[in-house]
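Dropping the structure in here first, questions after.
By written order: A, B and C. Residues from 1 in each chain.
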Amino acid sequence: MKRKSWLPVSLALILILTLLSACGGNNNGVNASPSSSASDSASPSASEPAASPSASSSESASPSALSGKLVIWTFFDQVNDMAAKFMEKNPGVKVEVKMFPGDQYQTKLLTALQSGKDLPDIFDLERGYIGKFIDSKFLADLSAMGAEDLVKDYVPYVQGLGRSSDGKLKAISDHSSPGGFWYLKETAKKYLGTDDAAQIGAMVSDWDKLVETGKKVYDQSGGKVHLIENAGDLFDIMAYNTEPWVKDGALNIDPKWKDTYEVQKKIRENNVDAKLEFMSAGWGTALNSGTVVLTSMPAWAGFMVDNKDDKAVGKFGVAPTPLGFYTGGTYRGIYDKSPNKELAYEFIKYIASSEWQTYNLGKTGNMPGLATVYQDNMDSFKSNFFGDQNILKPYYDTVTKLPALSADKYGEEILSLWRKSAGQGITNKTDYDKVVASFKKEVKNAFPELKVD
Amino acid sequence: MRSGYTHTKAVLYLLLAAVAFVCLVPFYSMMITSTHANSDIASKLLLWPGTELANNYERLVASVNIWRGFFNTVFLAVTGTALSVYFAAAAGFGFSKYRFRYRGFLFLFVLGTMMIPGQLGIIGFFKVMSMLHLTDTYWPMLLQTLYDAFGIFLMRQFADASIPDEIVESARIDGCGEFRIFHRIVLPLMGPAIATLAIFTFIGKWNDFLTPMIILFDNDKQTLPVMIASVKSAFSSDFGAQYVGIAISVIPLLVFFAVMSKQIISGVAAGAVKG
Amino acid sequence: MNTKINKSFYGYIFIAPFFIGFLLIGLAPILYTFYLSLTKWDGFSDPVYVGAANYTRLIHDSFFFQTIGSTLIIWVMAIIPQILLALGLALILNERFVRGKHFFRAVFYFPHIVTPVTLGVLFSLMFDWQTGSINKVLMNIGLVDDPVNWFNNPWWSRIIVAGVICWQYFGFNLIIFIAGLQGISKEVYEAAEVDGATKPIIIRHIILPLLRPVMLFTFITSVIGGLQLFDAPLMLGDGPGNSTRTMIMYLYETAFKNFDYSYGSAIAYGIFIVVMFFTAITTLATRTKE
């Protein structure tokens, strides 16, 4: 009897040994840089972008004057890097970054804000829920602190999202997140006849053209290859190219959603999409193997590209989508009752500076929030995956065209309800009216205070 | 007759093996996954060990102090389990062997506390802890061990089933005090139940996520599950590093389980001698 | 007489820690939730007292009633195989001839150790519409021509969710049953075997009745815990037409996604009543059997 109890233990040992044997022979430790994450280790290591001298010299006029301690709450590990850079510049300041898991971060934040104790000086807000926080009393008015100056050269949509409903700046982001069609040049050449971004962009410049191109790809490949990943990608593309979901306290369904829905059904019926979920396993395989020609994704999702042994270097291109779009974004606000508001503002000032954003573009490939940083690096910036293609240019065109809208507390949740109803509708070939009816029921239930006709 | 018996045996073994296989697959997959690169994890069905374990591990320790979290979790889980099991055994024994007034009602009340969904209470819980100045300490997690309704219920049922009232009575006649009866006679007899509850509690405390996440602020005080989860941030799903973290957190559970599972058997043996 | 009262009094001492702990930190959150359920509160502004408005809304909320139905369906589909499997395996592992008891017992408990994150990734890899391994196998052996869109069908979705729960928790019940079986003294079986009783008779007339308190525990905790299903369904989503949305998921979505804490609090009390109702039914049902 005693002897048998060895079994589970030895089983555990075997499993541990499996693990150990797996790591033998690989000790090169490529990604050992401190505070690095998947996104920066896998993202294209770009050539050093040119720093904009004018901006950075004026920022560093009085570096040693600052002192004190700042606490930042975030869900995003690259904030460590910001803090390190800020402290390097201001040796008198100690910045403490406290990181909490992404999904539960907003619960944590709200719980703490409610009790009013143990709060940070600065906290991060994600695009998905910034709308719920933006009008709250917890965020300091940055406009009053002079932040209008910081964002005057910003990409319009990036600064717009950080504004409350009365137009005051409440939060600032240090980056933009433009989306585009990523493609393997080889696959594009085979099925579209070209790997030039502009020519591909022209083939899919509107939805009808996209469907026609998609049919051809499907037929030509004998049903093995699809043009795009998922009809559902159109939700992301249309999300910020439509009117807000709520107007004057009533649900407002932009008529464009109807056209979009019909296009989505057409895409599904004609096998234009591979029916793969965004960021799912199959989605990643299709992106890397080329069973889908054009994958719509944001600039920050480069970590999904399989770059083992540099095999993806120079292999990718990025083409414009029929309408420009962005996905996600991290915003940073100051807690209104923080005793260190001035110092916190200095930090916000730093991340809004071209000094930081230029550095960040070079290190992680994250697109800047300042239009001037785009402009200054437009000709010099090169990225690993994209070889000689100038990606700042198309991204710049995309982000500058996006409308500057402020986030409201309903937008993202109602969009996700629409995604749910319309997504099921596309799969089941449901009529638009039925989809709208079930959508309205969901909205009415989730937000009874809204007028739903 | 004899061959029929062997057939039955063979069928039973086959059944055991099949269920064991189904149980092992995800576990194996979890271990294997931790040895692969992110892009592979997201895109392939992985069956064999890869070569990325060292890299995944380095990224993990670069972004969080995983071993600090490990020891924090060990402390909380061990202390929490010991306290929780002890108080649950005491209360279970109390409900099982004493006929005090309102016993039925009080027991129903204990059960009733299990029926309230805990998810929403978290805001109120935080408020109370904040008022008592206990946020950012381990006290909230340890105080929670006092009221483990599930454990009390389990202990009571086992005491009802396997501790005869006569044993308690005869100990009293021998002149034992009530606490002595509990510590010297009842606790050893409850061996299997205690081991069972210890396994459940330990695993529950080990994986506890929401309470430490909400209560603790200091990165150095944070527990393993929270640290592992924070590796996954909004812009980077570092599955590889996350899986190494999960592997690090699961292996001690296995060892603990192996030890406690043996306890379930040997505890009975000890009890049987006395009974 | 005097000593008897004294002894009973010790009962209070033994159970006191629970009530002290509960009063100290367990009660306030529950009362606070109740207070919130009588207000309108979005988590940012100050709560405004609205009386029973949230409860009126709850009574007319067809989505809430749908989640009760879905929870019950999934629960029944998960609990029956789970308990049968746990009991069957516990009885087998209790046999003297079985070798490697420790091994099997440990392995059967593994699923309970696996975290929801792992479960989510694993099951989406297996049941994915286009690339899932299950669909690949089915197509290879020619059972289906096109991949099955599992999560577009309410019943498949529920079966998968119930399967995951069953898989995750049967080991948990198995351990409880084994501990219960260990508590039955060996002389009881041996005496019966000497009398010539067959295995099924021993199981039915000796083991199961002796296991009654443990079974009762399993049933009641399964009802209480099972109706508060959360982790496994959450990672697989609401399902088509909300067919796999459970009561707690609805609470979670309302409070933490739509930031309607006050209505979420009312839902919490609604769930409390539903769980209490079904626990009472279970308790009565097990009594009638007696």
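Assorted remarks:
Here is the rule we go by: a residue touches a chain if its C-beta (ideal position, glycine included) is under 8 Å from a C-beta of that chain, and two chains touch if they have at least 3 such contacts.
Computed from a predicted model, the values in this text were never measured in an experiment.
Contacts between chains leave no pair untouched here, as each chain touches all the others. Ranked by the number of C-beta pairs in contact, the top chain pair here is B-C.
One inter-chain figure worth recording: chain A and chain C are separated by 37 Å, centre to centre, where each centre is the mean of the chain's CA atoms. Rounded to a whole number, the gap between the C-alpha centres of chain B and chain C is 16 angstrom. Touching of two or more other chains is recorded for residues 102-103, 106-107, 125 of chain C. Contact of a single residue of chain B with at least two other chains is seen at positions 27, 122-123, 127, 229, 254, 257-258, 261-262, 265.
Contact with two or more other chains is made by residues 5, 8, 11, 107, 114, 280-282, 285 of chain A. Every residue of chain A that touches chain B in the complex is listed here, in rising order: 1, 5, 8-9, 11-12, 15-16, 18-19, 21-23, 25-27, 29-42, 75-78, 80, 98-104, 107-108, 111-112, 114-115, 117-118, 126, 279-282, 284-285, 288, 300, 303-308, 328, 330. Chain B contributes residues 27-28, 31-32, 34-35, 37-40, 42-44, 49-55, 57-59, 62-64, 122-123, 126-127, 130, 135-136, 209-210, 213-214, 217-219, 226, 229-238, 240-241, 247, 251, 254-255, 257-258, 261-262, 265 to its touches with chain A in the complex.
Touching chain C in their complex are the following residues of chain A: 4-5, 7-8, 11, 106-107, 110, 114, 132-133, 135-138, 274-277, 280-282, 285, 409, 413, 420, 424, 427-428, 445-448.
Remark: chain C residues 42-45, 57, 61-63, 99-103, 106-107, 124-125, 128-131, 149, 152, 238, 240-241, 253-254, 256-260 touch chain A in the complex. On the side of chain C, the complex with chain B involves touching residues 7-15, 17-22, 24-26, 28-33, 36, 85, 89, 92-93, 97-98, 102-115, 117-119, 121-122, 125, 133, 167, 171-172, 175-176, 178-180, 182-186, 210-214, 216-217, 220-221, 224-225, 228, 230, 247-248, 251-252, 255, 261, 264-265, 268, 271-272, 275-276, 279.
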